[in-house]
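Which chain is which? They are A, B, C and D, in the order written, and residues in each are numbered from 1.
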């Protein structure tokens, strides 16, 4: 089994290195093919491991070598394949494989084709390290690794210039990449602090040792550690207030959005909370905070998605919103449900993004859904895929999202947090609305793209075939819920609805369904038959507020970035040059000046010199007298 | 009535006088030679002088420690021997500098060499006695010769320098004589060891302090003048500038060694008597001197003047060691001069080889900084050596002056004057600026003119002297140990 | 070869002297060969180094001035070993990558002398010998900055020299005082650091001496507010000068703290944790901000050096094995990474004769190899895991967390602010469209440049992934030092704060 | 009765006069005279003290001072003559080419 672990882990790495070899040469199809094959190998290995773990119930634990040994700190490169990590591994490698294949088609016109695969595979490798590590430091390696790969991939089209915020809310790919990296870094500091807290209280960063020790730790320590780790999770999973980078990250190529900013990397935060559940279950306050923040973000992000016109941004907001759901579940203690939603979400969200990628490919990178419409004629399959994914997202029964999302909402009720429940239900309705608003505006109604002279075409066939597993999973994944529960609760704490909730489960489900169907119906009514713009609505303050993302990016710019730049400038020009350095130079100048003054006594006139001698003699007397008087 | 005066040669212990007598006799021989044949070349005189000085050196080094001679006016203790040795070594190094490739007027006179030898004898007398008369006579012999030597350089500036030095020296002589008179009035003796005895007995008397004030202030003025301490240093830059470069380098060392020995004898005595304000006076003098001379050196435009101020500052630096009144402190004075000697003479010799008859770079100065601009391109070896001397003067290890500095500072620390050591350190940092300035000019700037004549005055003997100075500057680390142990032994043997 | 340390010191010096004879055109090849041999010698040192021994190895002792207690006393332990290796490596690589056309021979000779002084500083076990090399190292650097530098080179060079010189003279007084105390307690003169370690000083002495040594080291580090010489020196220095300055010379300061301040004045060091940490944090945050405000690429890296040195400082004063070991490791990491970054800036400067970021933009498209290596070094500089930069920074912050969580958070902003300025450099220079006509046809890395950078990239990744061979010996010596500090500390507070790792006490690998 | 202190006072006054002369005079020749006055003041003191102690050392010192004063004049005047030849003036204020 150890061999499989290494294969699963290093196949993406090999793929990345292989692609990097050709990183600076022109497009070579085989690079993409080899990368995809290696990813597929990784997926197969992961799946085999999953079967193994499922079959035996044992985790596979390997320690490759020591990494950092200093003082009492021992950090190995250790990997653990247990129920949680194997789930993540399978999901990650599956989605990655599909995205790799997809990218062969999607990126076929890009001259940096090979480079793209190198980055993408590197990302998968980092993600695998993240999920497989058996200690927090290893997790942090992956954590930062995915951050860098995200930076590289978001800024993939680095050559685009910066434009104003009005023209493109993300300014430029490179800007968005930097924003993403820096925001994540802010959170990473929190994460590091969490690591430090654990290390100094437990003496180790190994999961097993830490989790064995946490029950004996002081409450404040636990709270601090949990909060610090969660701050780390907030960055990666783009929770408020560190959420702005996610929508800006849509500047990256769409496969990247599908893989990184929907299916895998952004869920790392959720993964962390699930992974560290022994810690979080001991800190109810922090957990409740997580749940509340998750719920808030779910609603908050959905509200922004309602009015957005950008195909990818809508999906990004929905990702954000769904991450909120996951955190809500994890915060409420339903870790396995969170994990399940994570997996299910990965499938349908990746599908949705890839579908959006098809549309973009067809529309020559046009993203404004107001400029689309009626695409179903040319893009039947894409319409189908996106439809399925949206149904799953909206939580329509028997699609994957139905099971997982319903369970989360149910949990909120079960925990007695009615407010959270209510918000989540409303959000579910909003989700359904914006998903179908987008689908209808894209595929139904009049063919608005014609006036822009675009001739859309369907994606390559092999790409569509490659997407099919995701579509299938988006439909059927929900039926594996019980088996999944059985599987992962060997490691994660089981979560059952109370008797009471269980009884009214169908009512709760119905309420959610009503909201979801209502949302779809509203979208149908408004957008199915083409775009009818409502000037009054679009000019209202709340519409503008939502469309501008509550002005948060602007606020950040005005109150953080600009003042920082200003203060930096002042620090340099005013403090460093005018005070610190000027003091040093001032001392030197003072000495020089003293020299200039003193040399005036050297008049060259002998008479003055003789007088100086006499003066000196008198001074001697004075000094002698004073010191004699003082000393005696 | 009158007892016939019986003087046995043994009791005179004429050996103690031998070194000075050799020098004086040598001077006379040179004069006589000139009488016999006035067409002799200067190289003969130079070699003769060196030979005489070597003999002088031999005679000095053979002296027994702690002897008195010649009616007990000669005192051959440790410091007198080592200071004589230093004086002679410096003189030996100085003499070959006369053999420049260009003809300088003064060296063609045999009188120059005779005067030089008389001067050496004068300094030797000065250090080899604790009798104020002999000290005074030695001082004046040496000084008067020195004035003449300066004037012999035969340029308008050197006359000016000689007059300034002479006049101030005359005033200082008056002060010294008056100081001696006060001492005499106080104690009835001018032998320092007797003075010390009388004073220690009378220290408790009322009013005695005022007299001690008088004597110490008067004597201090003279010595401060000789040592070029602030504010009696005013002559030094002008005289250094006016004198020929080798002589200036020589003046920065030998007269000061002699004056330091006298200062040690006189003020060491006061300090031993427990007169604390003398120490305060010396410390203030030392600190003011090293600091102000440093800041004045910062703004100099002429290398020679800069070196003049720098040697004032060095004198202040060493003066501080005098205040410590410990064996280490006294050792550090001689160690410092022993190490400083080579570097300083080397630096002035470097100026000497670049000496022109006419001022080609600046109307006012002989050796403006701009003259040395880009020296590394014209004369790489010379620039490197000069830079070496500058770094050594700045106290960069492992060059010679560093070891002197560190020893002085260690002595200060050991005597409990940590703050003094810090002041010394900071001063060394300030001083580094002006030494670096020259290095910067030589290495980092481009030559101002296509001047091929910077090493105008170079000759083989000069190269030997400079090379020797360079080697001793670099290799100091290897001979500091024997030097220190010899100096320490001699000084502790003579009870300082 | 027992006297390998002497060989390491004097081989470049003798080679430098002989270099005067070498023909101008062959000077470069000569220099590279000598530096390569020197590097191989240092590798040999590493291989013959007994990693199981925490104490001083390859000790050489020749009395120089016995009356004064000055000995030619050399030795190397886990802490200094790798700094020496880094020194020889960076000298070699610096020479290989050197693009100077003017007076190459002088440059080579100067570099060889500089190498001697640098190695000397790190192997000296006698305070005076240490001081000797310490001061002597200023001279070649002065020449390098002054002779090959930019328009303000003379000012920068003199400022560098005088500032450091001033600080170290105060340090010298401190050394003399320690020797004096040692003499008055034992009756023997000694400047041997190992002898001084045995000296238990009263707390007020320790504080004063700490202050004296602090001034010398802090200026070299350079700690805020003594840092202003650095931007000038870097800004004006030629590439090779900046590389050596950042990689090695700055390390002398932090090395001094580890070698002198901590073991000699454990109580004072503990008392000074807070002030030094505050200064270091100011240094980290403030200079990171100043770096962000720079318009000149090289100045960004210069200020970032200061900021990173703050991390090293804070680690040294963590008083535990993680922090100090991390600091020593971070010294290596910073040496290699900032050296490489300066080389990279030098490469673009050679092509465009400007370092202003506004002159660039879109370089990633024109010079992809260059961009990749720059990117790797940038990531190492901001402390990406699996690069060399992470290990040290992580350990330092981890270590200091034990002293003060709040200050660790403040210091930890380094990972954010570092990313802010470095990414902004990268964005301004490498991303965006190629706007300037001159940039459109820039040549990518030449073979020479590639081959001088690739080894550094390899090291950056190797030591990021597998730091053990380096970290273990460091750790061993640091542990030994901590054990010893704890024994020696006289105040209860210091005994409390100095934390000896359990592994060091139980295994008993302490000498 | 004229005692020691009278002599000493005379000596001190003479010394001060000499000193003032040195400080105030502008002519080099006058300056030399002033230094001679100072030295002679010291001679008076020595002679008087010598008498007071009934010790010959002081007188010896005085003789030496006289000798030294003489040689000083010899050397000094020599220098003055060449200076006068070069500058044509013995005024101190003309003698300040070297300064700073």
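Points worth noting:
Following the convention adopted for this analysis, a contact is a pair of C-beta atoms (placed from the backbone, for glycine too) under 8 Å apart; a residue touches a chain by one contact, two chains touch by 3 or more.
None of these values were measured; they are calculated from a predicted model.
Looking at chain A and chain B, the chains in contact with each of them are C, D. Contact with chain B and chain D alike is made by A.
Relative to chain B, the most remote chain by averaged C-alpha coordinates is A. The interface carrying the most C-beta pairs in contact is the one between chains A-C. Rounded to whole angstrom, the centroid-to-centroid distance between chain C and chain D, based on C-alpha atoms, equals 65 Å. As a whole-number value, the distance joining the C-alpha centres of chain A and chain D reads 96 Å. With centres defined as mean CA coordinates, chain C is found 44 Å away from chain B. Averaged C-alpha coordinates give centres for chain A and chain C that are 36 Å from one another. Residues of chain C found to touch two or more other chains are 162.
The set of chain B residues that touch two or more partner chains comprises 163-164, 167, 171, 237-238, 300, 433.
Within chain A, contacts with two or more other chains are made by residues 588, 599, 602, 604, 606, 610. All chain pairs that count as touching, in label order, are A-B, A-C, A-D, B-C, B-D.
Within the complex formed with chain B, the residues of chain C that make contact are 63-68, 128, 131-132, 135-136, 138-139, 142-143, 146-147, 153-154, 157-158, 161-162, 165-166, 169-170, 172-173, 176-177, 179-180, 183, 208. For chain A in complex with chain B, the residues that touch the partner chain are 588, 591-592, 594-596, 598-599, 601-602, 604, 606, 608-610, 612-613, 615-617, 619-621, 623-625, 627-628, 631-632. On the chain A side of its complex with chain C, the touching residues are 23-24, 65-73, 137, 140-141, 143-145, 148, 151, 155, 158-162, 172-175, 178, 181-182, 185-186, 188-189, 192-193, 195-197, 199-200, 564-565, 567-569, 571-573, 575-576, 580-581, 583-584, 588.
Within the complex formed with chain A, the chain C residues making contact are 159, 162-163, 224-225, 227-229, 231, 286, 289-290, 292-294, 320-322, 325-326, 329, 362, 364-365, 368-369, 372, 379, 382, 384-386, 390-391, 394-395, 397-399, 401-402, 405, 408-409, 412-413, 415-416, 419-420, 423-424, 427, 430-434, 465-468, 471-472, 474-475, 478-479, 501-504. Looking at the complex, you find that chain B touches chain D at residues 132-133, 136-137, 140, 144, 147-148, 151, 156-157, 159-164, 166-167, 170-171, 173-174, 177-178, 180-181, 184-185, 188-190, 237-238, 241-242, 300, 305.
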